[in-house]
C-alpha cells in the first residue's frame, strides 16, 4: 500500500503539485443516501408532484456544493468543472432518498471530491428540509462509484 | 406527523421566519464515521504522532465547514456560532475514523445543520487525504446525537 | 436633501457606524422583472408544472443571494436574516417574470439591500436558464417597495 | 424556438456539459442603469471629483461581483476570466447612472452571465451608497449588448 | 504567562466557547505599512488626485476583507461588525503607505483579527496594484494599536 | 519607471486583460514573519511536538488563503493553482515565526499575489492563536522572494 500524498517528507500538509500531470477528461460518480422514517419519505413523495419540492432544492444545493469543494476541503485544487449532474430518487423499500452525482472536468486532477461533496451537500439539504418532522435521519454510504481519466486508470466501486 | 416547515402554503421554498422565536442557548451534537481498509486506518494512526496528520487537517476543515453552513444549505439561516468543537478518534474494531462535532449558539434557531455540516466536511477531508491509498472508503452514519435549547425540547439520538 | 452617509468628512468610503442605532425588527420588500419574448414566457409556464422548473431555481438562487449581500456590496453590514421569502409569477400581458423578495432582520440596520440583491440574483438566474432561447431579455424595474423598522419610518414605493 | 438547456429529459436542473465545446476566446458586454432623482445624480457628480466617489466603489464592486458569478447563479460554470472592465457614466438627461461591463475568457462557455452580474452588482452598489438620500431609485434595462466567441455566433443587442 | 486558548486539554484546536462572555461594545485598531521605492510612492501620490486611485481600491479591499475574517482565520468566530473604517496615507520620509483600520462590534468576542485582516488585505492590494513597477515592496509592522471592550481591559500598542 | 497596469487611460481600475499573454508555468515564492515575545515562541515550540499545534493550523490556513486570493484582492484574476506549499519555522534568535509560501500555476498571469496572500493569512492565524498570551506581536517583512515564468523574466528578492 502506498503512502499518503498530502504530506511532504517532513509531514507538512501540502496541496499536491499536479503541474506534471496530464490534462485529460476526468469523470467521477459518487452516491449516498439519507435513511429516514417511512412517513417522512411519504411526505417527500407527495411534495415531489408540487413545485419546490425537497428533491429539487437538494439537487440544486448539490450542484452548487460541487462548485465550493476547493473552499471546503483544505488541500483540494481549484478546478473548472465542465459538468455537474445530480439525480435523487426515493427507495421505499429502504425508506431512503438516494443521491447520485456525476462530475466532469478537463484537468490535471480528478473530480471525486467534487462528486462526493455534491452528494454530501444534497444529503445535508434533505436533512435540513425534513428535520422538523424527523430528527433521526441518517446520511449514509457516501462513496465513490466510478472514477476515470487519471493515470491510475478506471475505478469502479459498489 | 407534522408538515415540512420549509415550504409555504403554495409549495414555495422559504427561509422560515424565526423572528418570533425566543433567543436561547442552543446546542447540537452530531456524529459520523469514515469506514476504511484496516491498512488505511493504520497509516492514519502512524501519522497521528507526527505534525500535520490527517486528523488535525480534518478537524480544522470541520470547524471551518461549520462556519460555511448557511452558504451551502439553501434555506439555513446565517448565525453567529459561539463555539465549535470537533473530536476525531480511531476505532480499529470497525476500522473507522469517528467524528463528533458540537456547536453552540445563542440565537433563534438551532445549530443541528452546523454540527452535521462540520461532521460531513471533516469526513470528506479524511476521504480526500487518504484517497490515494484507499478509494473504497465510505462516509456513513452521519446523524444528530443531541439537540437542546429550542421550544421542541431536548432530543437525544443514538 | 441630505448627504451621502457612506463617506466620511475626507471623502473616504466607510462602513457606516451603526453601533448607536436601535435594534428593531426591520423589514424590506423589493420587486423586479425580467421582460422577455412571449414564446420564452410560454416555455417557462410549461415547465412550471414539472419538477425543477425555472421559477424554482430562480427562487432558491434569490434566497441564497440574499445571504451573500455583505460579500457583494462593499459597504453593507453583515447581518443575520431571520426570514427571506421570494415569490415569482408570470405576467403574460407584459411578457414578464415578476420577482418579489421580502427580508426580515432584528438588527441595527435595514435589509433593503438584501431584498434588492435577492431580486437581482433571482432575475439573473431566470436570464441564465432561458438565455439559450432568448438573449434579448431585460432585467428591469428592480426597486424598493416597502421598508419599515428604522428611525426613518416606513417607506412605501410603487 | 429551441428548448431550455438547463434541464435534462426528466426535467432535472443540470450544469450543462460543455466538455465537448470548443475552447475559444469569448467576449460579452452587458449594460444597465440606475434611474434616480436629479438631485441624487448631482450629488454623485459632485463626489466624482473627490477621492472615493460612488462610481469608483460601484465599479470595483462590479469587477469583484463578476468573479462571484458561479457562486451566485446555480447552474453557471466556474471559469477563469481573463479580463473584466466596467465603465460608469452619468446621463443627466435621463437622470441615470449607466453601467457597462465587458468580460473576456478563453473557455468552453460564454461570459454573458459574468457581464450581467457585474452590471447588477455595480447598480446595487450605486443604490446602496445613495439610498440614504433617495429610496426610489430603480435598476433598469440590465441586458446583453454583445456576445461573441461561441458556436452560436455574434449577438448584438441594443 | 497564560496558556493558549485555542487548544483544549488534549491539544485539539477549538473555536473557543465564548457563550459565557459578556456582550459589550468592542473596538480594535490595527496598523501596518507597505514600504516601497520613492518613485512608486510618487506614482501613487500622482494617482491620488484622479478617480480610481490605488488608495481607494486598497481601502475598499480592506473593508471587504474585514468581513471575510471568519472565512480566512480557522478559529475565528463569525461576528456582525457594526463599523469598519480604513485610512491610508503616504509617508514620503519612510517611502511608505500607512494603513490604519478601526473595527467595532457589539458582541462576545473582540475584533482585533478583523482589524488586522483589514490592514493585511489593504496592504496586499497596494502591492497588487503597484507590482508592475516595483516587486520589492514589503508589507511590514502589521500590529494591534488599540483594543477595548473585553474583560482583559484596554490594550494600547505602538 | 513604467506606469501602473491596473488603471486604464481614464484612470478607471480594471482587471488587466491577460488574454494575449502566453500560458506558461509560473512560480512565486513569498516570505514573512511574526515577531513576538520569546516566551510566546517557546509556547509554540512546546506545542509543536503535540497534535494540533499553532504551526499546523497556520499552515493550513495559508494554503486555504491562497485559494481565496481572487476573492480578496479586487483586481486579481481567478486562477487554478496547481501547487501550494507552506513552510513555517521558528527562529529563536529573532524570536520569530517565519513563513514561506510557494505557489505554482500553468496560466497567463503570475501567482505572486497568491503566495503573498498565503503568507499573510498564515501570519494572521499565528497572531490569532497566540493573541491571548501576546498582543504585541507584529507581522513583518512580507515580501516576494522569487518569481518566474512570465515575460518579465525571473525576479529574485531578499
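So that you can tell them apart, the chains are marked A, B, C, D, E and F in the order they are listed, and the count of residues begins at 1 in each.
Going forward, a contact is a pair of C-beta atoms (placed from the backbone, for glycine too) under 8 Å apart; a residue touches a chain by one contact, two chains touch by 3 or more.
Since the structure is predicted, the reported quantities are computational estimates derived from the model, not experimental observations.
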- Task: Starting at chain C, figure out the least number of steps needed to reach chain E through touching chains.
- Result: 1
- Task: Show which chains lie in contact with chain A and also with chain B.
- Result: C, F
- Task: Same or different, please, for the chain B to chain E contact, judged on whether over half of the interface numbers appear on both copies.
- Result: different
- Item | Relative to chain A, chain with the most remote C-alpha centre | E
- Message: Suppose a student superposes the Cα atoms of chain B on chain C; what rotation angle should they report, nearest 5 degrees?
- Response: 120
- Item | Centroid spacing, where centroids are CA-atom means, of chain A and chain E in whole angstrom | 37
- Message: Suppose each chain is reduced to the average of its Cα coordinates; what separation in Å results between chain D and chain E?
- Response: 30
- Query: Where in chain F do residues touch two or more other chains at once?
  - Reply: 12-13, 51-53, 56-57, 59-60, 64, 68, 71, 74-75, 78-80
- Message: What's the complete list of touching chain pairs for this entry?
- Response: A-B, A-C, A-D, A-F, B-C, B-E, B-F, C-D, C-E, D-E, D-F, E-F
- Query: Once bound in the complex, which stretches of chain B touch chain C?
  - Reply: 8, 12-19, 70-71, 74-75, 77-80, 107-108
- Query: Can you list the residues on chain C that touch chain D in the complex?
  - Reply: 1-7, 10-13, 32, 37, 39-40, 43, 47, 50-54, 57, 60-61, 64-65, 68, 71-76, 112-113, 116-117, 120-121, 123-125, 127-133, 135-144, 147, 155, 157
- Task: Could you pull out which chain F residues touch chain B in their complex?
- Result: 48, 51-53, 55-57, 59-60, 64
- Message: Looking at the complex, which residues from chain C come into contact with chain B?
- Response: 25, 56, 59-60, 63-64, 66-68, 79-87, 104, 106
